[in-house]
Every structure is written in structure tokens, then in C-alpha cells.
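Take a look at the structures below.
Below, chain A partners chain B and then partners chain C, in two separate complexes.
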Partner chain A sequence: MSKIVSAAADFLYPFVMIFGFYIVLHGHLTPGGGFQGGAVIATGVALMFAAHRYRDIAPIFKKAIFNTCETVGLVLFIGLAFAGLFYGKSFMYNWLARIPGLFGEQVSYGVNPGSLDTGGIIPLLNIAVGLEVLGALSLVIYYLLTYVVQMGVNKHHGQ
Partner chain B sequence: MDLAIQVLILSGLILTGLLVFYLQDLLHSAIAFAAFSFLMSVEFYILQAPDVAIAEAGIGAGLTTAILIKAVRSTTRREFDR
Partner chain C sequence: MRNLLITAILVVLSSTFVYVTTSGQLQFGKPAQTRMDDYFLRHGQEQTGANNIVTAVVFDFRGFDTLGEATVLFVVVLGVGMLFRKLMAEEEEEEQAA
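Showing the complex of A and B:
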């Protein structure tokens, strides 16, 4: 697209990504969560894909990155869910809650003070879902664009 | 005040929905769909569903618009005459 669109997309891209990761990490405290944050991150990737030419953007956003994100997210989610069985409890038991360390702080009653270090495995599940959604939605965009370029149907637009 | 905002947003939803249908230039139609999705997101936020509002703003206004613009650029821009 035009130089104005490319420059504006380059300027907006870090803010979109930081907002997406903020939504993923604060999923157990504020509205949003893994799916919404992953969708926002994938929107940033789609913005870069829409604003730049394919041969400029393809070496940066590789397919292997999105594939790795999707696989790691799925394996992390399944592993965290099955880890409850090893504690002698049920599937998806919150085995990290109330254990000091990673996300183990106990929540006080009443209004949530906004401590990020709570929730047990719920923040980790949010991160896993966020990785999965960011990988999957970015792969959708990637395959659409690769198909368009391979078919050569947009030769009128100088790509 | 609240009622006025609701009426404004809902009439804007109807207007942008009709624009999506009646505009002949498909790029304009995609932008009208983005405006429709943004108004829908604001309506969700006013109805106290910020979770759905974030999903609608991210997917409806962002991702779908990018996909539609890519599709319009790789096919014809004008709708065929009926």
C-alpha cells in the first residue's frame, strides 16, 4: 500500500502488540483473556501483512514462528491440565494455587486489589491459550496471503 | 443521556449495515463493515460486556477488515452490475 499506510502501521504495531500481551497476562484480573489477547496480537500481525508488500514482510514473519507458537500453546495447555492428575486430584486441578512462588499468592476477599501474582494455573492457561490463538489466527492470514501471491491474481497492484 | 447514546449507536448500526449492503465499491463496503463492528463493540461495552467488546473490536474491526481488504485487492474492486 502507500507510504502513509506503511509508516502508520509501523508506528502502531508495537502498541498493538504490547496491548495484546497486556490483555493475555492480566487475563485473570481484568476483562479479556487468552483468546481476546491472542486475537489482538493477530490483528497486529494482520496489520503488518496488509500494509506491506509480501516480499518485504515474508522474511520477518515466518510460518515456523506461528507453527511453533500454536504447538507450544497446545502442549502447555494439555500438560498443565494433566499435571493435576499427578497431584492425586482431578483433571485441570488448580495445583499451583496457594503455593508461594509462581502465581501462588492468596487473594484477599472483597474488591480485587490487582495483584498479578495470583490465580494458580489460570494465568498459565491464559498464556497457553494466547499463544495458541496468536499462532492459529496468524497462520490463517499467512495462508490467505501466500495463496493470493502464488496465484498471481494481484499483478495489477504491483506486488 | 444513556438512552440518547443507545439510540445514536443503534441508528448508526442500522445505517452502517445498510451501507455495507448498498455500496457498490467493495473497499468502501469493507470499511463500512469495520465501522459497523466498531459500533457493535461500543454497544457491547455500554451493555457491560467488556470481554465481548474486546473480542468484537479485535476480530470484527481488525482481523476481518484486513482479510476483506486483502480479498478485495486480489479480486475485482467493483461489484458486478445486476
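Showing the complex of A and C:
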């Protein structure tokens, strides 16, 4: 892409990322959540892939980072769900809610602006799903942009 | 004959659907059953501690469903990875050789 496009993408990239992580972290208070926030973050990654040359961007966005994000997200989700079996009553039990500590503040009932420190395991599950979605969507974009180009090159050279 | 039968079934089903939705039996904003919705709205905040009822349903009351969704996404990436497995193997060989 032209210099204007890549400079504008560099300028927009931090804002897209901050907005995405805001959606993930405030999933239990405002509209949105892990899936939506992860999709916004992956959009930022797609923007960088679209605006820059492959050889400039490949050393920064490595496949291993997205792979790790995806795996850690899914394992964290399943681990939190199974922890409910041991610390609470059942699979997926909200064992952190209403216990002082991590995200355990007592929520005030009725209509209120809300506090970030509420929700029990819901914010943690949001973060886990956000990690998984950002890894998964970025990996799909990475695979398609990298290997489809290579396939085209191989076809042209008759390999 | 078979096409005629399929068309007849489709016409009957779609006309029934249109009749039920437009005859005024089901009004917008007035669901037939509200026990479930009322339960989530009254007890969601107190039981999950989340202000956002949609998130409370998706991640707490119906958390198992979200686990399935996350798994679907994982399998999608697995499938796309399988599609390009030959090229990925070549790339890894090159990296090891270099």
C-alpha cells in the first residue's frame, strides 16, 4: 500500500487496540464482551497486514504469538469452568462472585453505572474468550494472507 | 412429481408462518412466555454480580454454550491450518535448514 495508507494505519492501530481491550475488559458492564472485543483487536491486526508489506510486518506479528494467545485463551476458559467444580457446586459455577478479592465486590442492585470490580468469573471468562478470539481470527487472517500468496507463486512457476 | 410435492410443502409451511406472524396472535414486544426473561432480569444482577444481563446470560447462565462457541472457533482455525499444512511443512523445513 502507499505511504499515506501505512502511515494512517500506524496512527490508527493503537486506538483500535485500546478500544478492543476496553470492550473485552468492560464486558460485564457495557455492551460487548470477549467475542466482540477480540474481533475488534483482530481487525487492528488485519489493518496492519493490509497496510504494510509482508516482509515488514512478518517479524512483528509472529504466528507463534497468535497460536499461544488462542491456546492460552481456550485452556484458561476450560480451567476456570472446571475450577467451579472444585471451589463451587457445579461446572461453570461463578465461584468468585460476592467473595472479596478478585472481581468480587458486591454489586449494587438496580440501575447503576457499575464497578469494574464485580462479576466474579465473568470478567475472567471474557478475557479468556477475548484472547482466544483475537488469536483465532488473527491466525486465520495470517494463514490466508501468507499461504494463499505462496500457492499462487508456486502455480505460476509450475512447481 | 417430487418437485411438485416439495413446492406444495414449502407453500403450506410459508403461508402458515405468514398467517401466524401477521394475524395478531404474536405481538411484537409481548412474548407468550415471560417466566425465563423475568427470572434473568430480577435475579441476574444479584446472582452473578454483573450489570450487563446479556453477558450474565452468555457467560454464566449459559456458559456451557459459550464453551461450545469457543471450541467451534478453535476447530475453524484447525481447519484453516489443515488446508495449508503442506506449505507450512515446507516453510518449517526451510527454517530448520537455514
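Heads up, the rule we're going with is that the second predicted complex is superposed on the first by the 148 of 159 C-alpha atoms of A that agree within 3 Å, B and C clash if a C-alpha of one lies under 4 Å from a C-alpha of the other, contacts with A are read in each partner's own complex, and residues count from 1 in each chain.
As a convention for this text, a contact is a pair of C-beta atoms (placed from the backbone, for glycine too) under 8 Å apart; a residue touches a chain by one contact, two chains touch by 3 or more.
Model, not experiment: these values are computed from the prediction.
Record, for the superposition on chain A, whether partners chain B and chain C clash or fit.
Here chain B and chain C can both sit on chain A without a clash.
With chain A at the apex, figure out the C-alpha centre angle toward chain B and chain C and round it to a multiple of 10 degrees.
Computed angle, apex chain A: 60 degrees.
According to the stated criteria, A:Thr43 is in contact with first (chain B), second (chain C), both, or neither; which is it?
Only chain B; A:Thr43 stays clear of chain C.
Going by the contact rule set out at the top, does A:Gly33 touch chain B (first), chain C (second), both, or neither?
A:Gly33: touches chain B and chain C.
Please tell me which partner, chain B or chain C, touches more residues of chain A.
If we count touched residues of chain A for both partners, the winner is C.
Look at A:Leu145 in the shared chain and tell me whether it touches chain B only, chain C only, both, or neither; answer first, second, both or neither.
first
Is A:Ile23 in contact with chain B, with chain C, with both, or with neither (first, second, both, neither)?
So A:Ile23 only meets chain B here.
By how many Å are the closest C-alpha atoms of chain B and chain C apart after the superposition?
So the smallest C-alpha to C-alpha spacing between these two chains is 9 Å.
Quick check on my understanding: which residues of chain A belong to both its chain B contact set and its chain C contact set?
31, 33, 35, 140, 144, 151
How about chain A: which of its residues touch chain B in the complex?
Counting only chain A, the residues touching chain B are 23, 31-33, 35-36, 39-40, 42-43, 46-47, 49-50, 137, 140-141, 144-145, 148, 151, 153-154, 157.
Show which residues of chain A lie in contact with chain C when the two form their complex.
Residues of chain A touching chain C: 27-31, 33-35, 70, 73-74, 77-78, 81, 91-92, 94, 97-98, 103-107, 109-110, 112, 114, 118-122, 125-126, 129, 132-133, 135-136, 139-140, 143-144, 147, 150-151.
Going by the contact rule set out above, which residues of chain B touch chain A in the complex?
Chain B reaches chain A through residues 50-51, 53-55, 58-59, 62-63, 66-67, 69-71, 73-75.
If we count contacts the way the header does, which residues on chain C are in touch with chain A in the complex?
Residue list for chain C touching chain A: 45-52, 54-56, 58-60, 63-64, 66-67, 69-71, 73-74, 76-77, 80-81, 83-84, 87-88.
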